[in-house]
Structure formats: C-alpha cells, structure tokens
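Right, one structure below, let's go through it.
A, B, C and D are the chain letters, set down in written order, and residue numbers restart from 1 in every chain.
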C-alpha cells in the first residue's frame, strides 16, 4: 500500500481523537453558580491541554517517521493500526485522569493508567519504526542510516521516560503529572532551536540527515 | 465520479467510525475503587480491540479494492454507501456486545447481532467488488482477471466465516467471539508472509497479479 | 480560494455528520431481554438508514456541483458553509424523528421538522449553484450551459418534493416518511440507468454535457 | 514539515469541531409537547449558528494564512496546535453559552467565557502569523510584504473586537452576543464585494497583493 494512504488515514484518526477530547469536559449542571462551577473543572482543562499537546506531538513525529518510509507492508500496517488504537483510546484515559483528580479519589491509579498507556503507545510507535528500519525495501532510498539510528534512540527515550512517570505515579501522582506535562512541552519547544542555522556541530545538527534541510527533526 | 474522491470520503468514514469506538468505553462512576472499576471494563476493551482491528482491516481491503477500480458509477457509489453505513454502525453493535458481556445477560443475542452485522457488511463489500468486476469499463486497464477472481473468492470467504460464527453464537457465545477475534488476527498477520520474496509458487504468489509487486494482496 | 480545499473541508463535514448519526442509536438499558429491546429500536434504524443515504446523496451531488466550479469567492464560501451547517445538524433532526416515532408522540411535528430542514438544505444547495451559475468567472471554462441549466432544474426539484412531504406530514406522517425514503432511493437508483451507453436520446443523455462521458450526472 | 500536511490536519480538526457542535443540541425529553420543546431550544440553535459560522470563518482565514506560508518549523507547528486546541474546545464554550441562556442563570459569565476564549484563539492565530512574518524563510517566495502587514493588522482587529464584546458581557450580555454575531456576519459578507473587479482604489483592493487575483483576501 502507498504510504500516503496510510498517512491520510492516520491523520484522520489523530485529528478525530484530538478533537474528541473536548467531549469529556462536561458542562456544569448548576448554572446558578457558573463561575465556580467552571473553575472546578480545572482538572478537565489540564488533562485536555496535556493530551491535546501529546496527540499533536505524536502526530508530528508520525509524519517525520512516515516521511522516511517509502512503502508499507502488511505487518507495518498492523503495527500502525495498533498505534492508532492506542491514540484513539487517549480520550478515555484522559477522562479517567480528569475524573479522578476532580473527585479526589483514585488519582494514583488514574495517573499510572494514563502513563502506562503512553508507554504502550510508545512501544507501538517504536515497533513501527524498528520494523521499517530492518527492511531497507520499505525505506525511502538514500535515507541516512546514522540519522535513522539516532532517531530510533530518541524515539525509544519517550516510553522510557513515560515509564518513569508511571512508576512515580504510585508514590506521588502530582509530580508524575508534572513530569508528563514537562516532557510534552520539552519535546515541543527545544526543537525550535534546531532550526537555527549556522549552529555547527550542535546536537540537533548531528541528528539531521545531510541534505535534508527541509525536514523537521523528530522530537 | 473519480475514484479518489470516493476513496477520500470512505477513508473519512472509516477513520471516524474507528475513533468513535472509544466513546462506548464509559469512565467508571465510582472513583473510590478505580482499579477494580477499570478492570471490570474488560468486555469494553475486548470489544474495542476486536472492532478496531476489524475496521482497520476493512479499510485496508477497501483500498486494495479501490486501487483496481478506475471509475465509479452511480450504482457502485450506492453500494459503497451501504457498505459505509454498515461500518459506521459498528460502534453500536460493539457497544451492545460489550454491554451484554459486562452485564451477564443477552450475550448470545449480542454476539449473533455483532456477527450478523459483519455478514451484512461482507455482502455489501462483495457487492461492490462483483459489480465492478462485471463492468470492465470501471476497472483499471490491464487488471489481471485471474487475480481479481482469486481476490473475489477470498473476499467471499469473509462473510461465510462470519456466518459460521454467527450461528455458533446461538450455541456458545464465547467460542464465537474467539472465532471473530481469531479471524481478524489471522487476516492481518499471515499476509505479512506474502511479502517474502523468492517464495515461488506459494499461495500468496498465485493471488498476486504479475507485475504488481508494489501492491498489497488483500486479506 | 481553490475549490479543492473547499471540497476537502466539505467532505470532512459530510463524512463526520454521516458517521455521527450512529451516536443517536442508544444501546438498550435492559440486557435481560436484549432481542426485543433491539427490535424496539427500529425507528432509530429506519431514521439512520434514511439519513445515511440522504447525506451520501448530498455528498455525491455536492461533488457533481463543485466539479464544475473552478473558483470559489467569499459569498459562495458563505453559502456553502450554510449548507454544511444544515447537513451537520441532520443527526439532530434524525434523532428527533426516531425518538418521536419510538415514543408514539409528536410524530407529525418531528416529520415536518425533518422535512422542513431538508427544504432549507435544498435551498442552500441551490443558492450555491445559482450563485456560481451567474458568475462565469467561477465556473470551469467550457461548461455546457444547457447542461448546467438542466442540472439547476433538477436540483430545484429536490426541495420542492421535500416541501410536499413536509406539508403531507401534518396530515399523515407515515406516508411522509415513506415519501422521503422513496425520494432518496429513487434519486440513487435510476441514475444507474444513465450509465447504459447506446441509449440515444434518453432523458439522462439530454442532461449530460457533450464530451463529459466520465462525469456522473447529478441526482 | 510540509505546509500541506499541517493544512490537512488542521482541516480535519476544523471539520470535526464544527460538526461536533450539533452534539450539544439535546433532543427534548418530553415528546408529548414536541413543538414547544423544540422552540425552547432556540438558545442552542443560536449558539450553534454563531459557532458554526465562526469556525467556518477561522477555517477560511487559516487557509488564507497557510497559503502564504511555504514551510513550517517546530515553533509554528506548536503555535498552530495551540490554535487548534482553542478551536476544538469551542463546542464546550458553545454548550455553556446555550445552557446558561436557556436556564436563565449565569449568562454574563457564559458570554464572557465565550468571548474570552475567542480572544485567546485570536491571539494564537496572530501568533502563528507573526511568527511566520518574522521568518522570511518560512514564507512563500515573493509574498508582498505590504499585503502581509495589512493582513496582520486585520487579523489583530479580531481579538480586539472580541475583547470589547467580552468586557461588554459583564454589563449587558445580550448586546455582547449580538456583537459577536454581527462581527462574524460582517467578516463573512462584505468581503464578497472585494470580488467585484474594476473597483479601483477600494479598501479591499489595497489589501490584495498585486498579481494575486485568484486569492481570497482574509476577513
């Protein structure tokens, strides 16, 4: 199957999952004290913000990955479907997280489930990439193998760090949430420095394949 | 109408239906025992997993089919719309299945409805393909007719096997669910072997049209 | 704005609205008598089927229309947005219809609202087309004006017939529903005859622009 | 990353958010007085209409913007994701607005929240544009800088006017809603005049870049 069809379908699932997140923010029942009622929903807003940025990030990285994949075989399609099944379920783990924080009960469980699900998603993500890396016929011709290896190392870092947060959740759920939020923002932001040209020999520059100036390095 | 517009619209429906599946997994009401509450949702997770892989599979096969269809006439569009109406209703039959297994009542009915709906979908799927096969002006020029006939036989196998599961459901719903799950995984996985080149005369090789090395054989 | 962007956005709204229809079919509460419970949902199934085929039809006709539109100005974009707002609200009128028939109360109102909303949508649809027809700079060069006029007459027929059904609903809601269903199926099916080549001088042939053998005539 | 991928993903989020608006219009519970029950939902219809036209407008302007952006760096992607997170949450603020007006309580808060959220969205929108304007390597080659500056001034007007409405809401919520509705319709409609050719020296003409006759000026 052509990669662009998989890309379009995956884009659709990402876009829908990210937009369905809002359905978990319920309008307060009591309109006579709407202001306080809306403020009390802060756990939902926080969970919405984190998950939205997270899915946006996975979407961006998914494109970086598929840009280097020339063809898709059946196993890669299957692994990608598992990844999408993971992403599409994020509105559920997000809702569990928001409800638990809001109710004051079950926060450890909810944060651990949220983090554990990210670990599973990270594993699927890496499975797609590692499956493709081992099959040169699936990759774009002329892909720099030192770049793909560097990217693979970076991709593996994700689930490892999420696993730390998941374990942390059993002891202290607030720092665990803070860790997830920090990871996502960190993944988004420092990358922008990579764009700065003329920084010779930087960390980002070593990851970027030669001659691929127009591509975004992955987070 | 150009096939690519039908493909894009169908992709959208597939992507939305597959992502809406998650809305049927309800967050537990009682947060004071969240762990057990989440575990008790296993029927929802199972139904989510099966239906997600199923829709992903139908999506993939739909592309294999449309890749060979050059033009779309009004009747083919109508049959494709019936197929989409079937796929788009899967979140409902999935929810019925999960609720019945979870409640301990109505499992036979729910599994039979789930399976029967798959049979109907399989019939629509085959109707699209058979309609196109009989009208050479709709097919891509130069399509290998022995390949299309082999594919048609494979496509017909789907509803037949789902019908077996549907009948089985009235006697033993657990094996019927297991059969549906096994069918879907089987359809996904062994295909990856087809990719192995150099296997001369294999079953897959005989299905693949000559000169179409870049195409995925259907499941 | 380029027409293909409007087409892609409209396709998205059509695909989502058509798939959201299923959310209005609620899983029965009582699992101990699931079979009768599912059968009792027949008004929902009927409404789902009618609205699904209807949106699929509007989608198909929308493509026939946009295929002839070369450029989109702001007013056309505005009218198209009104049309999309109408289509996107169909899950609501569909749910009202299903609930009324199911409850045995308010059927006349529900059918009239359903039909009236179709009339409004038909007016928006025609407004898009008539706006474009009067501005040759928006049309594809070389469009056959007798064809566009014939299409415009056919497009106008839709809201007129829906209006008949809407008025009928106040006297007899069952025939009104039957009329809506019949109209939709009629619009879908007979068109397939148009494909038959060699039928000289048929009604369809006179509508088809010369040299546009690859295009679908509108319903 | 290529701009067209960002455009497609953003289109998806816009299309889904705009279509999810309908989910907040709840079918009346009491079918024995369906007519009055449907009429009583007018706040939902009003909120639906305003938000639908609003998202459609943001979508159209988003295209005008991205048409001039040649490449997307990580920071622009991040800002765009924030904008999408804002748009995707509009079904929530829309539902709050409808519920407050319908219940007769909390209208000031609801309208202020609705308006304030538009201000935030406008700021994100402008952040995307201003980020791109300062980085010529991200812009399409040959973009007229006086045009981009004029567009930037127009884009900044949006959040400023929404801020006026937000402040107004605390004193008089009805005029504030009327202001939001008027702004949206004003943004949509007068633009159509810009299309009239031969109007030399008009306000629109001064905004339009020379040689870009086929482009839509932004609202």
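In this text, a contact is a pair of C-beta atoms (placed from the backbone, for glycine too) under 8 Å apart; a residue touches a chain by one contact, two chains touch by 3 or more.
This is a predicted model, so every value here is computed, not measured.
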TODO: In steps of 5 degrees, what rotation angle do you get fitting chain A onto chain D on the CA atoms?
DONE: 90
- [ ] Note whether the interface between chain B and chain C is symmetric in residue numbering, meaning over half of all numbers used appear on both sides, and answer same or different.
- [x] different
Open item on the list: Can you work out the whole-Å distance between the CA centroids of chain A and chain B?
Closed with: 27
- [ ] Calculate how many whole Å lie between the centre of chain A and the centre of chain C, each centre taken as the average of the chain's C-alpha atoms.
- [x] 38
Open item on the list: For chain C, give me the residues that contact two or more of the other chains.
Closed with: 8, 12, 16, 20, 23
TODO: Any two chains that touch count here, so list every such pair.
DONE: A-B, A-D, B-C, C-D
TODO: Mind listing the chain A positions that touch chain B in their complex?
DONE: 1, 5, 8-9, 12-13, 16-17, 20, 23-24, 71-75, 77-78, 81, 84-85, 88-89, 91-92, 95-96, 99-100, 103-106, 109-110, 113
Open item on the list: Could you list, by residue number, the parts of chain D that touch chain C in their complex?
Closed with: 7-8, 11-12, 14-16, 18-23, 25, 27-28, 31-35, 38, 48-49, 52-53, 56, 59-60, 63-64, 188-189, 191-192, 194-195, 214-216, 219
